[in-house]
Amino acid sequence: MNRRNFVTRGAAGMAGILMSSPLTGRSAPLPAKATTLPGPPSFDLMKEVMKYRKIDVHAHIYWTDDSPETQLDYGRRLGIEKQVISRYLDVMPGTPEQFRKFNDLTIKAIKKYPDQLLGGFVLNPVYQKESLEEIKRCTDAGMIGPGELYYQVKINDPKYFPIIEKLIDLKMIIHSHAECQLGVGGYRMKYNGYKQPNTSIPEDFVDIARRYPEGIFQYAHIGMGGDWEYECKLFREYPNIYVDTSGSNNAENMIDFAVEHLGEDRLFFASDNSYYQGVGRILSANLTDRQKQKIFFDNYNNLLKKGGRGVD
Amino acid sequence: MNRRKFVTHTVTSGAGLMLSGILAGAAHKQEPDIYTGNQKQPFMQEVLKYRKIDAHAHADENQYKPEVNLDFADRLGIEKLMISNFIRPFSEGRPDDFRTRNSFTIKCMKDHPGRFIGTVALNPAFRKESLEEIDRCRDAGMTGLGELYNQVKIDDPLYYPIIEKCIDLNWNIMMHSPVGHSRVKLYQSEPKNISLPEDFVSIAKRYPEALFQFAHIGGGIDWEYACKVLKDVPNVFIEVSGSNNAAGMIDFAMKYVGEDRLVFGCDYSFYQGVGQVFSANLTDAQRKKIFFENIAKRLKKAGIHVN
Amino acid sequence: MLIDINAYVGHWPFMQLKYNNCAALVERMNKYGVETSVISNLNGIFYKNTQSANRELYDELKALGTHRKRFIPFAVINPTYAGWQYDLEECVKKFGMKGVRVYPKYHDYEITDPALVELVKRTRDMNLPVAFNYKMVDSRQRSWMDIDYVAYTPKPEWTLKNIFPIIKAVPDAKYMILNVTNSMQLDAADAALFKKAQVLMDTSGRTINDLDSLLKTQGTERFAFGTHAPILDYLTGMLRIESLRPAEADARVKELLRSGNAKQFLGL
Amino acid sequence: MLIDSNAYIGHWPFLRLAHNTPETLLGRMKEFGTDASVISNLNGIFYKNTQHANDELWEAIRSKRIYTDRLIPFAVINPVYGGWRDDLEQCTTRMGMKGVRLYPQYHGYEIATPSCVELVKRCRDKGLPVAFCLRMVDSRTSSWMDLDKEWTLKDIVPIVKAVPDAKYLVVNVANSMALNTEDMDLFRKADLLFDSSGRNITNWADLFKSFGTGKFCFGTHAPILDYFSGLLRIESLRPTEADEKTKAQLRSGNIKKMMGL
């Protein structure tokens, strides 16, 4: 098997092919010297999969009886060492009673599988006092930071300020759901009426990241159905915004594009429970082994270490 | 003449415009081409070289003034124009209406002898009057039907006696075509009874000896669709006029219907009508056929000798 | 051996694609051990006259020399556009195309349109498969100029229910159902009919996450490796097969998924 | 000298084009004696992220010396898309693009939307023209997926009003050029050119009377429209209608002046 071919970025002969075709909408002519093997050598995909340590930084558990065992089974299948889980708050208005109940589910799971699951809590800044108390309760129960914060309040709303300040003190990664105006929710903010109005959008992340340059922000799921080109271009100048690559869309070239615009240090591997796409889109990107390892594991773990929560 | 050249002889004069350096940091893989630019070409000489009959023209007292027609014709070397004063869409097209219109066409022919070939407007819903009008107009020197409009579909039985008379006279039958199928459905503002490409096929197959002219594929129809539908009906000419001089339209039509069935026309869009023929990938002989010979042959059958 | 039953070349208007020509795709195939790819031209989805796209693909393959045999070209046909019968003949007889791809949503006709029924019957009589897909791209991040079947709205993306009527109308044709990204639910009677039909589904779609169960409920002969490349990444469709455990799929079944089912279905 | 102010390379989704690469466009230019062409990439009209189209154009042009000599690139910028200011900088500095093409209809914003006004002002400050088209293709014949509305000249008015001292190129003038007295005055005073490709460029006498001979320039709108009609409109002017000096202005003088070539 030709391993080198797979892992080397920009294998010779590729560069020329990539540029020319889109101009005409037709294919570029055959490169002068193309491979003339009778058949391609076989490729050991599972060996490649298992080569990398992985933390899935965006996953969820459910209220169903098979959770989290089903999620863990996917993890084992694909060599995912740890998953950062949360039970996101997909209810309105999201009262303290509700978020406590949601977090209890997560606490139960991480207690049961302490080696495989990392817990993320949810809260609702409309209830400031209760949210701050919940941070304490969950941290004491061993959670590593917020899980996917949801659509009750925009991430740059002043209601979030005390919460974010607390999370900064605790050196936690601030992870929030978001949707892009060019995509989910309708084109160019012409919201189609099926979305919660306080859902965070990329511009809200930029706003809050500028206000708190010391905050570490995790923009959720660039593969979830928003316009990832728009998102990456917008975040280019804001080094404290990281993107997780989760979502059910495994668009070809998404990872390459994100690395080009954000650099290899600002991407996290994640599935949002689309495990195959999560692993597949990173392995198929034109990245070196080292770059893949950073995205699969190191980038996130290095940030965890800052808060003394590293996993190795 | 070289297919790929606008004109055979080009004059090269002086140095070209040097734009090098516009692109900062441009790295070149190749040395400069021998092309120096600034080749002033005798465009008008080439344009005027070809004899032309505009197979789709109009004349009336308002929108399509005969003098404007002739001014453009002189400018672009169009020898003759096949004019009509067509029955307007959404009007009933009663006999006194089309008679008045045809009389104006006859007057234009008289005012400018040798320049206009008048074609007859009629409405087959008025059978007797239409057949009589053919005779009256023929006596006054007109030839062929045109531009027939949307009062009756071309394959409607009402047209049969009219078409049969035209077969006897070897007359060309030119009919309007719709803005159709572009957005899957027919354009909404199209009048009822508009003739579709499919209707032309059906009537052309019923009367293989009749001479039809499908109007203006550059006039707003999906010309790829039209050419594909009309591919196998040899007695339908495809006339290329219209305000859309889409690049590639004539080349596409050549592939589907061929050089013997394409005819030049302007429909009052003179620049586009002439320009697109010179822009297409045609030989000298093919240009001659499209500009002149194909339609001249048909006219000759009807007794109009333009040579 | 791997056969990819769902790949493309050509242009996607709303986004720059990489690896979207045959030469680049060959490199991709060599890198990941894929022997053969079924391809069609994306341009056929948008050109009103789809035959321009089929001709482009034919010309490109002709220019490809020995690599040509690495590809199995499919034609894009719009049965509501003039001359399609002639186009189909030309694609099959002159261009050597081995199947047909149709795009009812992009070409704006119903799944039960008589023209489509006629097309499917013709392909059946030529023993060629006709391929449908759930969608080309995720509607949530589409361009506003793209079609407006949008998830979570009153006009949602397709599910198997939207494709099924044509299978019901012509039950003895060969169908490929690609990029399975939404529900595969059918009511009981339809599900039974669907199970009897000759259907091959590819592994590129996000609904194929529990392939183990699908093999049990649908049967091992109904799935085959597909990438939906270059729109989706090259490896996820493969990963769904390769990561099956021996208890879920033995070596024989894996080989069926990698290439056996495709060979059988396409008559290779 | 002959300069085409309105040409393209790239892909049109709904119709297969010929002559849509630098090589084939150059073939057309040689055939008709065009010395230089202003070009942009059609892909930028449809890509959500237009910068890919500008990258493609830049790569294509610098691949051969003769392209750099003969082709004048314009960027396609969408001022309501993420990162457009950065894109504009890249295009006008590193890539050396000489103007900007805007497509409010295709990119879905109002012509005088604040970000478009900002973009036009930035171009003005850089001395670069911005180009608008009244339509790319006939809406009647295009695909059902294409736009169903076309513009008239009136639709350009709001931006010229908002930034009267910018340089404007209005191409493919296919629909009405009627303006009220005030707007006509605005246009007359503006540094603005119409190209000769559109079907409404028909009656030169009226056009010269309304706008003056300094407001027009040669343009083909190739490879969407045929290569010759835009040129024929100029070449077939009689000496009584336009003397050689005026014709030279139309062929290249006016656009050279605007572009500072």
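Order as written gives the chain letters A, B, C and D; numbering starts at 1 within each chain.
FYI, a residue touches a chain if its C-beta (ideal position, glycine included) is under 8 Å from a C-beta of that chain, and two chains touch if they have at least 3 such contacts.
These numbers come from a predicted model, not from an experiment.
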item	value
If a chain touches chain B and chain C alike, it appears here	D
Farthest-lying chain, centroid of Cα atoms versus that of chain B	A
Whole-Å separation of chain centres (CA-atom averages), chain A against chain D	42
Centre-to-centre distance between chain B and chain A (centres being mean Cα positions), rounded to whole Å	61
Computed distance of Cα centres, chain D from chain C, in Å	40
Centre distance in Å when chain B and chain D are each reduced to the mean of their C-alpha atoms	29
Per-residue multi-chain contacts in chain A, two or more chains	22, 25, 182, 187-188, 227, 229
Chain C: positions in contact with at least two other chains	11, 15-16, 43, 48-49, 56, 108, 144
Multi-chain contact residues (two or more partners), chain D	11, 13, 15-16, 43, 48-49, 52, 56, 108, 143-144
Chain-level touch network, classified as line, ring, star, complete or other	other
Interchain contacts (touch definition) - all pairs	A-C, A-D, B-C, B-D, C-D
Chain C-touching residues of chain A, taken from the complex the two chains share	1-2, 5-6, 11, 13-14, 17-18, 21-22, 25-31, 34-37, 39-43, 45-46, 49, 77-78, 180, 182-184, 187-188, 192, 194, 224-229, 248-256, 274-277, 279-281, 283-285
Chain B residues within the chain C interface of the complex	181-182, 184, 197, 222, 224-226, 228-229, 231
Footprint of chain C on chain D - complex, ascending	11, 13-16, 43, 46-49, 52-53, 56, 106, 108, 143-146
Parts of chain C lying in touch with chain A, wherever the complex brings them together	1, 9-11, 15-24, 26-27, 29-35, 43, 56, 60, 63-67, 137-138, 140-142, 144, 150-153, 181, 206, 209, 229-240, 242-243, 245
Residues on chain D engaged by chain A in the complex (per definition of touch)	9-13, 20-21, 41, 43, 48-49, 51-52, 56-57, 59-60, 80-83, 86, 108-109
